[in-house]
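Each of the next two complexes has subunit A plus one more chain, namely subunit B in the first and subunit C in the second.
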Partner chain A sequence: MNAVRALLLVVAVAATFISAQTNDTRPPIKIGFMVPLSGGNAQNGRDILNGFLMYLDEIGYRAGGRQIELIVEDDEAIPAVGLTKARKLVERDEVHVMAGALLSSTGYALAPYITSMKIPMVYPVVSADDLTQRRRSEWIVRTGWSGSQPNHAFGEYAYQKLGIRSVVTIALDYAFGWESVGGFERTFAAAGGRIRQKLWVPLSAHDFAPYLAQIPRDVDAVYALLLGRTALQFMRQYEEFGLKGRVTLIGGGTTTDEHVLPFMGDEAIGTVTALHYSAALDTPANKAFAATYRARFKKIPSYYSESMYTGGKWLIAAINAIDGRVEDRAALVEALRRVRPSDLPRGPMELDAYGNPIENVYIRRVERVNGELQNTVIDTFPRVSQFWTFDPDRYLSEPLYER
Partner chain B sequence: MAEPRATAPDWRLVVAGLGAVFLLAAPPFLSAYWVGLLTQVVILGILAMSLDLLIGYTGLPSLGHAGFFGVAAYGVGILSTTYQAGVVASIAGGFIAGTGLAALLGLIVSHVRDVYFLMITMALGMVLWGLSFRWIPVTGGDNGIAGIPRLETLIGLPATGPIPFYYLALVVFAACIVLMMVLVKSPFGLTLQGIREHEPRMRSLGFNTWLHGYLSYVCAGAFASVAGIMWAYYNGFVSPTYLDLTASSELFLMVTLGGPATLVGPVIGAGAIVILKNVMSAYTARWLLILGIVYIVTILWAPQGLWNLGRHRRS
Partner chain C sequence: MTYFVVQSLNGLFSAALLFLIASGLTLAFGVMRIVNIAHGSFYMLGVYVAYTVAARTSSLLAGALLALFVVAIVGFLMQRFFLRRFASQPLAQMMMTMGFALFFRDAALMLWGGDPFTLPTPRWLTGSMEIGDIVFPWYRVFVIVVAALVGVGLWIVNDRTLIGARVRATVDDPEIAAATGINVARLSGGVFAAGAALAAFGGVMGGPILGGYPGMDFELLPLAFVVVIIGGMGSLKGALIGAIVVGMIDNFGKALVPELSYFTLFAPMVLVLALKPTGLYGRA
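Right after this comes the complex of A and B.
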């Protein structure tokens, strides 16, 4: 008996040794990654990268029995630069898989190239609806969200739970703004609500006075979709105009996202927004994520930070599922669509047949807890699809949300 | 000025010759990525040379030149995707859009000089950018227009890919540089340089300086349109960033870095910026800092641009 056990042990050790050897002889898996690291969007890009670095550190830069080599490029938030960098990553560095991009314009510009080169790519943030709808690519998997997705849920919530009947919207005047407001309007109007007025703000706006002055005081709520500097400026002026406390402020998730929230004051308190993530989400997975992130990067994780932590986890799960055989790109993209890692900071998530997540949408209210502003989750819509409750085929036959 | 000299050929001829040989012979030995970068260099080289006609030869500093480049690119993008037009119609449409616009805007800007010219061209450039960004039904707004088919296939080249497209761009580049060299050496070009040096004197000699300035603006717009058409086909998409202020000012830097009134200088400037940006950014996120240092060093040691190094401006 002992002899058999000893033999088994020897075989087991030898097997481990051999497998370790064969694993190590395989060259590293090359992941190409790009986000804006210079210019006005650099902070958001940095957050996305941080999340990815954090996850890669957790797994020791190993997946599927192979070493991982990460190649980071700065796409400057300019689509043509993004394309040049994608060419560099694919043609010079010969990466096996790509991830990244922040802006929709970059996302759209890369898509034809990604498809023609048959390189699997993960879009952690780019939220343009059509990337997983009317103009989807089989090589692109989105682990983020589509712009109208949380807003479909939020439109209904605003009418039914918040008791809002009439709304004025203030949103950034580009595709992200139109799709968010469009999604909100659709379900809000279907429930019986009325959009009184839609105000569109250029991305370069510095002063919201001309817009705030147009808001009728008898409206139930103002829906704001802004981000970065515009969100900060808007919040301040909303209070200065005496609107805070008189007209409820609601909005898209980026308006109070943690990339701007720490720079806001009491004027932000009470704002209700919807997004698929909140740094204050009370789950063990998110608490661990947020604590580690804070300890390492000295700031609260934003939804951008979470995006590529989860995106990275998704990608690594896919690589593990095919035992690191990333040279088989078709198998990798198939695995990306099939895997379903659990314990994500944002909660449960799966991909639909179109490559977009089905995930929880959280209704969050800004509160001050322990002296710090946070997006407290006050309600959850579980498993929200990009098509909400509509039939996908019919949804896709209708036009994309526009102004 | 690239004037023939009786003395022994200076370093410029040697560099230009080596550069030409490199552009012609090197690509088959380079990776697809480097061929792509060289393609960018020659296309942006055409664009930088076209701006040099204005800045260097006519003395009109334009900060809205990327506008024509972008409008021509949009012409190609819109015609070849939304209207499914053929390649000839798309190229002609892009060229007419860019050049026609230059002819139109030229009527406005050709009455002013110096800093006023700079301000007005900058404003018009911003208007064009705004149009591309906000005229959504036509331009697709911020998302731009993707899905422009490949030029090599359209014109029936036997092979597709980076190298055939590169040589196509190189042929266009060669044609443009020859045309522009002929232009600046012609009596018309000499008149432009005369206007740059002393406009009242040219006027008193009987030259219609307004018409010359206007025509040089239109010519520059036409060459910029050619570059825009190639750029649209190279990238396969168009977006508002092609014609924003950053694009125009980067273009301005290419000309001033390389050396105005030399034609070759701006190509070198374009090459330096494209290569520096792409090579540096692969190694450091602080590449903007390095680019800034390069500009400062150039201003200090070669204020007339790299190609005018060691050459004194004639007074």
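Right after this comes the complex of A and C.
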């Protein structure tokens, strides 16, 4: 981690040095960035950082006529550490804008500080619904998604297009799991479907047998919301216990996301999930992005990788829109909400009045193509809002999704 | 009924893995009085080494054997050059093992990256056993059987061989054992290395189901400590009984009252400690 950080600092210093040679009169724009770079979530953090580095390279670390200096911190996936690092970035490094964070807990922990310091912040990944709903901050712009967003679309799709009538859900027992299952349940039940049982799995779970043994065989489908190694273990064990092929497996997008998909085997084939991105998305913008990413990092881009490529593009577009006058923080955050860069890997996107993207939701099925597993897009819901088809005010007057 | 049988079988599977990990932990404690925080790291290194070798040679067996060998060497060196210097300073030793645990964790992240993986399941063990409504994976049956064999093997070595007698003597009283001519230092090195290899073996056996990922080193460690404390520190029989108790409770606890899964796990430990502070089979 320190090696990574040191390397980045060298890059940043080198960039500053080059800027000193060009006849740039204004000092560099400082961007503070934090993700977990150590511990169990390190790889997700690296994916996010990789996407950002790739975009900054594309624009030669320059925006709005100024050089860009990137300062990277490791938040260790611990909210208190994230807060300490945010203080360091804002108060010691005096960054103009911040971006990053992976976990919802970190996202929530940073929000009050960001608001009190009036520092523009881009959340590329943190998906906790309320960050752009009941507890939103005018200084936070989310370029990722809200947890229930793709699941609203997916609940309806599962009933109408997949013909699923009854479902058992198995999800990680924290806000992300509750919001995903809650969103799915809302539209699935409204369409006429029935959730037979909800199984909640602690984040520390590694053996899914106690839960898998509870799934009745006569249910139409199992909805799984997992990520990282839990997704890998679950998929393997779902087949182990003879459920694959008997009970259809569907789920939230992270369950088959490319951060874990390459490590799965044939057991993952056929799983249908919903997310705002797929590395297999067949558009020129995504094909170019995926090919370049792959050539550079020797990996398939995950949704985490795409998150900060697009987030970076968004941020740089905003900096360009105000000609690099990032000292005017209010103008910067206003620009962040106004700009609308095109040719994003994930497809068209705009921000709603609450700071959350309105973007496509893709229904993906895992297939093996040319020997590799991929999330083949089988259907698209265009321009999905975090409020789905509901009225925002009424939606916000209702409670947040819980267990 | 079906439900009960499947959950019990799986409790045995958890117990099997826990026994492999806890037996090494309890032996090292018995002989050296070391609370080895790095024991989970041996478990983790086992999977990582096996994965690397299996990916190169496409032989799971070669991976497993080399993993045992490499981790045993790591354990031996750690004991020989670091822990031995601090004999009879339990706190210093514990802090040192803590340091090693953090070192191994970062080293693994640097060497192997943070991506999760699973080991391939041997082809002849795929699929599941189906008796009526009862579905239980063959591989898990295999793990239970192998752990039972390891248990029998350990029991024979411990109870029927000269080495076992020396180990037992050292567990009972290291000073008297040394006075009778047993090379306690060398024995400790051997036991520590064997314990490390057992943990690595646990990691490899769990590999096709649980896989390898950053953070796994500290995941089963608390469970293994509960096993050792319930069974009595230094007792192999205790590790076996403790593993079955903890495996069953953990499994049924998660299935029946998931919200209380930590309570159901630690409550029996507290109970045992209150009634028999040395654990079920431990000696003061």
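Annotations for the structure displayed:
Quick note on the criterion: the second predicted complex is superposed on the first by the 380 of 403 C-alpha atoms of A that agree within 3 Å, B and C clash if a C-alpha of one lies under 4 Å from a C-alpha of the other, contacts with A are read in each partner's own complex, and residues count from 1 in each chain.
One rule holds in what follows: a contact is a pair of C-beta atoms (placed from the backbone, for glycine too) under 8 Å apart; a residue touches a chain by one contact, two chains touch by 3 or more.
As the structure is a computational prediction, the values presented were derived from the model and not from experiment.
Contact with subunit C, but none with subunit B, is seen for A:S204 once the two complexes are overlaid on the shared chain. Of the two partner chains, subunit B is the only one that A:A111 touches; subunit C does not reach it. When both complexes are overlaid on chain A, the residue A:R92 reaches subunit B alone and has no touch with subunit C. Looking at the shared chain after the overlay, A:D282 reaches neither subunit B nor subunit C. With both structures placed on the common chain, the touch criterion links A:G228 to subunit C but leaves subunit B unconnected. Considering which of subunit B and subunit C touches more of subunit A, the answer is C. Residue contacts after overlaying the shared chain place A:S38 against subunit B and subunit C alike.
Annotation: subunit A residues 38, 173 touch subunit B in one complex and subunit C in the other. Every residue of subunit A that touches subunit C in the complex is listed here, in rising order: 1, 3, 38-44, 46, 173, 199-202, 204-207, 209-211, 213-214, 228-229, 232-233, 236-237, 240-242, 259-260, 263, 265.
Contact residues on subunit A toward subunit B in their complex (touch as defined above): 37-38, 73-74, 78-80, 83-85, 87-88, 91-92, 103-105, 108-109, 111-113, 128, 173-175, 402-403.
Every residue of subunit B that touches subunit A in the complex is listed here, in rising order: 31-34, 36-37, 40, 133-134, 136, 141-144, 146-147, 162, 235-237, 239-242, 246, 278, 281-282, 285, 287-288.
The part of subunit C that touches subunit A in the complex is made up of residues 3, 6-7, 10, 13-14, 106, 109-110, 113-118, 120, 128, 130, 135-137, 139-140, 208-211, 213-216, 219-220, 251-252, 254-255, 258, 261.
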